[in-house]
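One chain, chain A, appears in both complexes that follow, with chain B as partner in the first and chain C in the second.
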Partner chain A sequence: MAEPAYTVASDSETTGEEKSSSTFAEIAIGIDIGTSQCSIAVWNGSQVELLKNTRNQKLMRSYVTFKDGVPSGGVSSQLLHEHEMLSGAAIFNMKRLIGRVDTDPVVHASKSLPFLVQTLDIGVRPFIAALVNNVWRSTSPEEVLAIFLVELKAMAEVQLKRPIRNVVLTIPVSFSRFQLTRIERACAMAGLHVLRLMPEPTAVALLYAQQQQQTAHDNMGSGSEKIALIFNMGAGYCDVAVTATAGGVSQIKALAGSAVGGEDLLQNMMHHLLPDAESLFLDRGINEIKSMGLLRVATQDAIHKLSFQHSVQIDVDLGTGSKISKVVDRGEFEDVNRKVFEKCESLITQCLHDAKVQIEDVGDVILVGGCSNIPKIKNLVLNVCKRDELYKGMNPLEAAVCGAALEGAVASGLSDPFGNLDLLTIQATPLAIGIRADGNNFVPIIPRNTTMPARRELLFTTVHDNQTQALIFVYEGEGKTVEENHLLGYFKITGITPAPKGVPEINVCMDIDASNALRVFAGVLQPGSHLPAIPFMEVRMPTVDDGHGWCAEALHRAHGSSLDLVTVQKKI
Partner chain B sequence: MISTSTTSFISSAPFLAPKVRVPNSNPYPSNSIAVRPLTISAASCASTAEKPAMSHTASASSLYDVLGIRMGATNQEIKTAYRRLARVVHPDVVANGPRRTSTQTSSSADDFLKIHEAYSTLSDPDKRADYDRMLYRRRGPVSSPAAMSYAASRFSASMSMRRTWETDQCW
Partner chain C sequence: MLVSVASICQFRVPKASHVYEHSTVKKPIWRWRQRSPVIRCCNRKEAVETKMEKNYYELLGVSVDSEPLEIKEAYRKLQKKYHPDIAGQEGHEHTLLLNEAYKVLMREDLRRKYDASIGQMRAFFSGDMSGLGYSSWDGSLRSKALFVDGNACIGCRECVHHASNTFVMDEALGCARVKVQYGDDEQKLEVSVDSCPVNCIYWVDREELPVLEFLVQPQPKEGYGVFGGGWERPKNVFAAAESFSKQLKNQTANQHQRNTHFTVEEETPAQAEARVNASKKINAGRFSRLWDWAKRAFQKDM
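What follows is the complex of A and B.
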């Protein structure tokens, strides 16, 4: 993401083999931080290998406990019992909480987690705390993630016998750029340098591109273009990608994603089993936390069983006098979660539409992620894609981290004698980026699913006679009005020559480079030319930090519409 | 001006990273193809020497030239050419090459933007048709090197070119 300050390859001319041995120590590792599980993988010189922790696990629970004041994460520590994770001392689901403000519905939904998530509903970061010795000890999603990453890093360093610095992380499609900076922050706290943040389905697409290339090599075929649809649903997020693959190049045609996942299925089910849960657990005493934990474990267990059997008996004593004894069948589970499944379907439809691909042209349908076992998910993906079969070539729980490790090897400048690293991902922007103009509207300058690197510009003009200054508010998202989108930053341009409204030409240009860094240029053009009248502004975004919703409001209160802009109806 | 075949056109570019393998076989064994050769002015020569990642796109006169394909190229050929060029000029490839500088990476971003622009126009049938019409109007057919000057005969020539293009499509 950041300007690459690292140096990997030597400057001297070396053959591929010498080069790979000399840079071996620097190969970036791939990390998939899931809402519930995480994994780490690395290119071992001939293939991708998942690293295991001391308990021989490739998939580790994503949580950190603050028991006895010493934090420890799911990489090293072992829980005596599932309930220990739900005692209030463990923080998990940080991927759902990171970089979100306390007005976000996802944060509000997280209040049913068995630790403290407190909101004041004013657009600042929520208060998150773990129960340590009967005291709520405050922390933040970044801190929790960093503690977890430190453990992962230490584990990898022991196994690979070298220091780890460069990483490729997978991220949900729907993450805003502000959330990406929070992930980078957590990595920096853990002493890791982010080489690339890869939307999860694009990591899967890269693995697919490699597999296709290997098959093409075997068949001596020219490797004509294959289109694949990737559906990735984990505990926290659901992502879809359409990729066109040939000759090791994975071209991302479209991305779609939303913060819906297994966690929503679980919460809906918990609500179904205990409709007044919210009021029962309002107090957050030790007993309430314990009850919430018990309900959570029982429900989770039931959902897992429903993937393999048609009905399940739930018996749980919540300890506070209320007991649940109920038989739940698969139909009930699907009914309770109808909205989640509808959302999944709409993401696939939207992604295909954005990619301008007919479902008949899709070669392979790839289903990955923790929710891929759920029969309803499998069925809906097959139905929407009009298929009888899913792609079988990859492990649904390991595909994303394998793709991240491949990208790590490629981005570290490695080559493979068999051509297994002759890979390239041509990424697309998951969200539109634009500015506030035409009143309170969001005017996209780089639309969603634009190929990266990307550069687009638009002309704007003043709304008042003799207006000499203008405010540029940069937003990211899909909403029509600015309030529905994420504010990335703002700056003022000055020096507009006094003229009647609509006459001055103000050029706003946005540039996203291949490592996804966004720069916004803005300035006034000389009348009748494309040359700047005074020096342009160049701003790296995002520039805003917490409480960013306020900044826009405060600026609006201070300046009203006096510094507004409107679009010019011709594109340059 | 001389005609150049696509393969030599591309592999003569000085920025080829060693790890990138350009297919040896020319996928466009066309005899009618007349890709405009590199016409580099003194100024752009100097900048090319400084920035090896500067590609032919700076001197290309049409979107077909940018992709190094003939005007009658099929959709498949357009996609293949796009991918092959992406494997060479995409900033990720250039950035991971043995000699990389930030100027190189940024100019490769410019090159990639041009290639992608050409690809997105030519791979869309409607946009391609519009572009072709615009191209004939502007400079006439490109079947003979002499006709590449902008002062070429316009209407009748473009009509004949049009027919050639259609023949190419069927063929």
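What follows is the complex of A and C.
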């Protein structure tokens, strides 16, 4: 498409981001950063192609090692042995740590990893460090992720022979908006611009939509609506989505997710093999780190083997005088991890319920992710969905990244003469967003599973006579009280005309656009008057950085309930 | 309830969400900067033209009696055209509307409520005029109904004074209107009709009522050159009602034929519910209009 000779005035107001406008056809690449493995794919003009690193790997281990003080990631470097990764010098599982505070149980569970995760349990970011020359050298999940992304970017740039800027990343469903900003931050550090952050199962849904459309083309069929359930379980997270697909449009009906994954299976199993592991590992001496690494590798191997055989012999010498020699069978493994599997089941049921879909109406059941080989997971999904067979035709480890690459091509404005890109994902919000009102309650304004882009508004009023100001606390989550949810930000509305309590009308409106950016508008309405009292406020969320729990507490200490709000009762 | 009312009003009034749009436009949304200006321009123009001047059915391009399946298909087709993934950030506002329309029309209860609120419910087209409209009915339906011509009303409150259960004062418009048909006894109604100093209260046929009540509401006016936008209601609401009905009949002649199986003699439970909803809508409607006015005022000053 030829560029016009003029520039529309409003286009020049930007901040230098505009330089890429001539490269209109830049296709965003898709990246799937997994907790344990990572892959990158791009639309090559006719299909999705996974990029391979110099060692011909499509899937690369997600880790960064700081050995000898020079960081290098799993894209380029080759570990001599698995144990090297567990020597304390390498940081991995950053997806489980990014954007979490040190009171988070997931962070606490990560304390058994060979690198240093220090928590002070006060709701700030945990201290994370890698062992470099016998010194704990501090870093952060964002930094580690950025180093890794730089390597990915360099690899893709060499292969595609063009600069890479726009990316579509897959993320777990249960990520809070604060975590998303951390991912965006890591991308910015790596010089990447996030075009879309896609919940993993929705990326799979898009790939499914494309496959369905191709089949419809081949059969010259009408392409009637098909409902699919997607279950994605990797090392760090478990996600479920229900999607309705027709004519290349994948409409996400519901999403559900939780931070359970292969890592939990592994840790439960390690705990089962060595019950006093935590106390042993408390000091993190060089020897303890080494023995922990040995145990980890042995357990990982055993779990892999249990996917194909019924029992496995574990023999590991921890080096500190203790030896583990044990036969573990599949039943034992499933018993140890019963809670994890129960959680998976409940996610599926919840997702189906939210989507208002009967299990009989589900056409295809798609199982993807690193845990899809575990027989128990397979059985569980088949059982809950009352099926005998899973959907075939997708590589469970590559589906998410392929979907992300498709979305990258679609959102970059590309079209395909054969209609292979005649696709669209209509996303839904994975978590409810609302404000604090009616005391300490969370009042959702945009409920969970609302179609995006979304805009909703709600009216609130004052709790005190002659209250002239009000604080708006924006939260995200599913809990009934605000403490159970994530604080995204807060701001104050001023200039409420003094009036008896319950009279002023405060409108709070939230707007989520297709790239998932959240804006909150709020202001006072003045019925009967044609003059606007005070300009409305527009705030882009999230605004809080670290220590979000503290902000709410401090504000409460400073103002008590004097700036509270309540919902307006129905006027009927 | 409030949420849905608020969003309906946002839709019915074209400029309702302008407060927000202003800020949206001002904000440099650089995620989409790399798009070609050519595409953006035509998209923007389109967005302005189609913006909220239509009801949900027109928006989705479906007939008022369409099945959920048709609505779904139309929704998907339009999404493929307007979704921000495809059309860029300019598709945002339009997609919001599509989502809202889809949500309302796909849920039977919301759809019925909406049908009642736009005054041209599905029942209307099926030929049975059961008196659904802005006013609700107290007790059984009768052949005659009360109607206040808002153009003539001077807002003297005489009728509200005499029959307070039937008439209400619409503070935003400054005129009286019927809230509940036969909310008071016959005698009170006669007195209030007679007491009107400008004789703007009429006994009309039940069949005519919804159209009249629909037309007497100020409607957003499409801009024609210098005669841009604003609000209007017909000078002579009775004449307008006549031509409006005729127009509707012509337009929907085909639908009439298709719809004969919809025709029912008695009021169905669904219609009864819609009637109740309509009265609820009035209570909320009063508020929502204030909200719109406030917003419009905002916008003028901005």
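Here are a few things to note about the model shown:
The rule we apply is simple: the second predicted complex is superposed on the first by the 538 of 572 C-alpha atoms of A that agree within 3 Å, B and C clash if a C-alpha of one lies under 4 Å from a C-alpha of the other, contacts with A are read in each partner's own complex, and residues count from 1 in each chain.
What we mean here is this: a contact is a pair of C-beta atoms (placed from the backbone, for glycine too) under 8 Å apart; a residue touches a chain by one contact, two chains touch by 3 or more.
Here the structure is a predicted model, which means the values were calculated and not measured.
When the shared chain is aligned, no partner comes close enough to touch A:V168: not chain B, not chain C. In the superposed pair of complexes, A:A209 makes contact with neither chain B nor chain C. Contacts of A:V568 after superposition on the shared chain: chain C is touched, whereas chain B is not. By the touch criterion defined above, A:L525 reaches chain C but does not reach chain B. By the touch criterion defined above, A:L431 reaches neither chain B nor chain C.
When the two complexes are superposed, the chain touching more residues of chain A, out of chain B and chain C, is C. Residue contacts after overlaying the shared chain place A:Q251 against chain B and chain C alike.
In the superposed model, A:A411 makes contact with both chain B and chain C.
When the two complexes are overlaid on their common chain A, residue A:T451 makes contact with chain B and with chain C alike.
Once the two complexes are overlaid on the shared chain, A:G419 sits against chain B while remaining clear of chain C. Judged by the document's definition of touching, chain A residues 3-4, 8, 10-11, 13-14, 225, 246-249, 251, 410-411, 413, 422, 424-426, 451, 453-455, 513-515 lie at the interface with chain B and also at the interface with chain C. Across the complex, chain B meets chain A through its residues 18-21, 76, 79-80, 83-84, 86-87, 90-93, 95-99, 102, 105-106, 109, 112-113, 116, 120. Partner chain B is touched in their complex by these residues of chain A: 3-4, 8-11, 13-14, 16, 19, 224-225, 244, 246-249, 251, 410-413, 415, 419, 422, 424-426, 451, 453-455, 513-515. Touching chain C in their complex are the following residues of chain A: 1, 3-4, 7-8, 10-11, 13-15, 17-18, 20-21, 23-24, 26, 166, 193, 195, 225, 246-249, 251, 407, 410-411, 413, 422, 424-426, 451-459, 507, 509, 511, 513-515, 517, 521, 525-532, 536, 538, 568, 570-572. Touching chain A in their complex are the following residues of chain C: 1-3, 6-7, 17, 19-20, 23-25, 27-31, 33-41, 72-73, 76-77, 79-80, 83-86, 88-89, 91-92, 95-96, 99, 102-103, 171, 280, 283-284, 287, 290-291, 293-294, 297-298, 301.
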